[in-house]
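The same chain A turns up in both complexes below, where it pairs with chain B and then with chain C.
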Partner chain A sequence: MTGTRLLLYALRRLLQAVPMIVIILIVNFFLIHSAPGDPVDVLTGSMETSEEYIAELRAEFGLDKPLVQQLGIYLWKAAHFDLGYSMRYRQDVTGLILSRLPATLLLMGTALVFSSFLGIMLGVFAARRPYSLSDNAVTFIALAGYSMPVFWLGQILLLIFAVQLQWFPVQGMFSLRVPSHGWARFADLMHHLALPAITYSVYHLTLIYRLTRVKMQETLTLDFCTTARAKGLSEASVVRRHALPNAMLPVVTVIGLNFGFMLAGSVLTETVFAWPGTGRLLYEAINARDYPVLLGLFTFLSLMVILANVLTDIIYALIDPRVTYS
Partner chain B sequence: MTDHATAPLLCVRGLTTTLRTDTSEFDAVSDVSITIGRGEAVALVGESGCGKSLTALSLMRLLPSVARLSPPTSVTFDGVDLATQDDAEMRKARGRKMAMIFQDPLTFLNPVMRIGDQVTEAIRVHNVLTKAEASQLALESLERVRITAPAQVMRYYPHQLSGGMRQRILIAMAISCKPELLIADEPTTALDVTIQAQIMDLLADLRRELGSSMLLITHDMGLVAEYVDRVYVMYAGEIVEEASVFDLFAAPKHPYTQALLKSSLSVDRRTEVFETIAGVPPNLANAPKGCRFHPRCPVAIERCAREHPGFTDMGNAQRARCLLLEEGA
Partner chain C sequence: MSVVEPLAATEVAEMPSAWRIFRRNRMSVFGLVLIVILAVLALLGPWIAPFSPYSTTAGPVMAPPGAPHWLGTDELGRDIFSRVLLGTRTSLLVGLAAAFIATFVGITVGALSGYFTGWIDDVIMRVTEVFQVIPRFFLAIVLVSFFGANLVNIILAISLLSWPELARIVRAEFLTLRSRQFVDAARVCGAGAMWLVFVEILPNALAPVIVNATLQVGQAMLLEAGLSYLGVGDPSQISLGMMLQQAQQIMRAAWWATLFPGVALAIAVLAINIVGDGLNDVFSPRSRER
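The block that comes next holds the complex of A and B.
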């Protein structure tokens, strides 16, 4: 429970993730080599390229050398964050992804915080009044939200709130004529963020709501809540001090595991709202058959999911004293 | 004033607890009357599933959502009827007037809350104190239940303690506000044999120190003989006999009590004591007509299947629900 022990635990979990990352890189390597034709075609994408550049690539990746050696070169480059070069963007893939990352993290972070917070609040509210009218109403809305396709929801929201009512901008992250800094720029960003963030949140929100409701109902019938009531605590205190911290344990895990789903979901949301993040980059790369970017994104996204899982484990260890660090 | 001092602390009359399941609704506890004097220790004994825990939870008004109190229940505590009190008043009584100690010390403690916080919370609910003051009182409570290194234990989580230690924590929380009545629901069933005696002795000592009354719920006739003044015997949701400990062991009147005592004396008192009574306890959802014990009773007569027996007074505050006693047999 001490700081050093937790740090050691975090380090060990990170180290345990390394083999997984290597496996992903190897799979990526064979994806390149199993594509029809010359790997050079894959590496250059569908762009017109000069003979010189192709020769350069052959030398750089050792394409005339045995496969194992090629794999070694590929892993060595990946270990140095070299994910290749995109002819289309005329930029190295790592730099390209990193330049798109802040937009996605902003959208995802906003959605994750908003949906988790609201989902937990609604779940607790409903659990305290099971099968009441308000519980049934929230549950119905949640079910609708859960089964709504993100793409469709985004377009409906766009049509109503951006096109018809014109309350929100239709797309992008900033207006064309916007102050380069200060509060006005921030307000403009928030204005653009609202619709995509809501679209992005709905699925996750309903998931967290439903889980919280079930877990809270379950926890409120557990023995230690009876003890708390027997002490003379009010039901509100039993909920806040005893039931909630226990019911949150599985919820935290699900929030962490959902990180991966949210990354995948970002392709749809970012495409609908023309949000300049990694999700839209993926969509663009698919359309342009920009293989270096595509493979770079696969590697990068896998890495993010693994890191999110490790982070979830660490947070769980922090909030559940029963976790042993061995 | 004298009236207050001589009137019993707890006077339960006609306690009836109705359970609602998907298919049926029935009284799991019916027409239970229990009286506990000030400073008195009383036991409630009976086989598993006969309704002992539900009786205790009914007194605290901590019933699960499937259960409710039904008329003619009255629970008079210190002259006030708790059964009809509003929730806020009832909360003030819990933990301060009457406190409960539960069977399984692991599941009844919050796994993610420090021991110190759980004990401190029990004190702060009923007293306006600063954190430090409450903490100090919590420490004293832990000392009183003879926990060594209490300051260290305050920082522990429940899973870091042994079963006996956890039970001491539950006891520390229960006594922290000096309640007038302690309800202990099989407080030692989940513990090792060697720890059982320690915990029971601790409870007896604390009760003497605080001058509290106690309702001890148990299977164990050995504990009954050692630690209480009077006994209520429960069968299938009903009290079938009440007597002082001496009379109960010397001259049990109800055939069920007799079987209970015989079986508990014939086997080691620490192991399952009821296994030698022939037959199984009835399903409460459709309790037998007439006397509820008659299908298992070795001396039942034809009348027992038809008539539900009332209490027959045997003098010396002993009474039992048996038609044979009525017949003078």
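The block that comes next holds the complex of A and C.
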């Protein structure tokens, strides 16, 4: 497909996401107003504030105006990336979230690459000898990984590898006396990243493994694979060149569709390891009743889920020649 | 054409053969036995617990697993075994209640959508899409922290966010079933919409519903544990997630406080997922051949 057509498709898909984003914002707005008590309590995040600041907030959000007008003001602010102000951090919510984002992306990205790669490998391995002892063993382990609460897995890894064996640091992203740059700093970062990334990978790994296994098993019995074998190709090359590319398509979809779950997993993982990302911010916001940050994060994470869905569709269109851009 | 007779014959043979397929998979039976044991323990929890789960005078502080305290005690000297029993009870309660409500809503919405089609279907599916995109864990956090952290709110928040998947499954089943001959036959006989939906179509769409509902129980239990771990659980109920949050403070001194609540939760969810997988094998025609 030509580049321009793909670009047009991507643009249209993005435009289709706009109503969804507006709906999320409206939900958010009604959450503020349906919470027990005065909306001002929500906007200040139950911090002690001066009368002037409250009056200022009332004017800013038009709280004495009709509800529809308030919604208009709210949407207008959101369209300008204004998600409110956190009294606790003395910072605007958007800036606060953006400052925490790189840590989350690093953790998610590392885990995603690692778990997708390993999950597909294991899935292919298990699918080649279905219902054999090794297949059953891996399948059971995968089911166990799938059933485990992610934060508990993190705690157990922490207990064994950080507290008992002391191979890894207990929490945070950098050591206290961290080298300011260069390889030493990078190594320190990786040292801190290892346990959270492994913890976070497990759920995703099992998901991708289970899916790849089923899809590979299906694909390997299809006619075109039989044809490839009849041509005299080795089983390894049938798997690698013919079956795998087909079986991988749904894996892409599943990563996109499960993005919301992945974000949830990152909140729990970051909380266990005190990893200073958006998830840890959410945990702090919950316990400090910092509602502007809580709602800002909810909006922001919803936005990320919607964008991930759009991105999935675009990637799908890129790698699957059968998709038409209509 | 004698369509009715062979259909009736297979229907009669369905139940015993389903149980036989399920039974053939030793793992599934193992999972089922585990669930029954856990359910009994949870039901009888308050009566089996050797100590009061709230009593801070039950034993020494942070006693390791041993004689009177099989799973040790926590930082306030409370008996962990008793607390795990009660926590599992809360987990199962939330999981079952949330899955039940989600299944009920999912079936209703999916049936409406798939039976009536047309604009009703369009509207319902748009709403379902919105619910699917909203990250449910975060909405649950917001809802519970705004409207109060109690069990009812937690169950409602989880179930409110869990029905869309099931609604889609039910809708898809209804779309294929509604134009089958046996439904047409009933319609020609003068059956009303209610009869068609509940007596003719729904029983035939139940297989994937049962599988999904089973898996929902485990998902809901994990969601509840995650919420209480983050501090939005019901503070008046002992929950495994809350126990794990408190255990993290004393992790260096008392590993048992972290290990056992998680083991209980993982076993419960694993057992449910194993049964769900087993049921899936029973109902998917492909696996009957092996």
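We adopt the following convention: the second predicted complex is superposed on the first by the 326 of 326 C-alpha atoms of A that agree within 3 Å, B and C clash if a C-alpha of one lies under 4 Å from a C-alpha of the other, contacts with A are read in each partner's own complex, and residues count from 1 in each chain.
We adopt the following convention: a contact is a pair of C-beta atoms (placed from the backbone, for glycine too) under 8 Å apart; a residue touches a chain by one contact, two chains touch by 3 or more.
All of these numbers come straight from a predicted model, not from anything done at the bench.
Student: Let's test your reading of the overlay: on chain A, do chain B and chain C clash or fit side by side?
Tutor: Chain B and chain C fit side by side in the superposed model.
Student: Tell me which touches more residues of chain A here: chain C or chain B.
Tutor: C
Student: Figure out whether A:N246 sits in contact with chain B (first) or chain C (second), or with both, or with neither.
Tutor: first
Student: Under the stated touch criterion, which partner chain does A:L222 make contact with: chain B (first), chain C (second), both, or neither?
Tutor: first
Student: Give one of first, second, both or neither to describe whether A:I319 is in contact with chain B, with chain C, with both, or with none.
Tutor: first
Student: Can A:I198 be said to touch chain B (first), chain C (second), both, or neither?
Tutor: neither
Student: May I ask you to decide whether A:L122 touches chain B, chain C, both, or neither, giving the answer as first, second, both or neither?
Tutor: neither
Student: Regarding the shared-chain residue A:G232, is it in contact with chain B (first), chain C (second), both, or neither?
Tutor: first
Student: Determine the nearest approach in Å between the Cα atoms of chain B and those of chain C after overlaying the two structures.
Tutor: 5
Student: Over in the complex, which chain B residues touch chain A? Could you list them?
Tutor: Residues in contact with chain A: 57, 60, 62, 64-65, 91-96, 99-100, 102, 104, 107-113, 121-122, 125-126, 157, 159, 170, 173.
Student: Contact residues on chain A for chain B in the complex?
Tutor: Touching chain B from chain A are residues 221-224, 226-234, 237, 241-242, 245-246, 249, 319-322.
Student: Help me check something: in the complex, which residues belonging to chain C touch chain A?
Tutor: 27, 129-130, 133-139, 141-143, 145-147, 218, 222, 225-226, 229-232, 241, 244, 247-248, 251-252, 255, 258-259, 261-262, 265-266, 269-270, 272-274, 277, 290
Student: Write out the stretch or stretches of chain A touching chain C in their complex.
Tutor: Listed in rising order, the residues of chain A that touch chain C are 20, 23-24, 27, 31, 34-36, 42, 131, 140, 143-144, 146-152, 155-156, 158-159, 163, 260-261, 263-264, 267-268, 271-272, 282-283, 286-287, 289, 291, 294-295, 297-298, 301-302, 305-306, 309.
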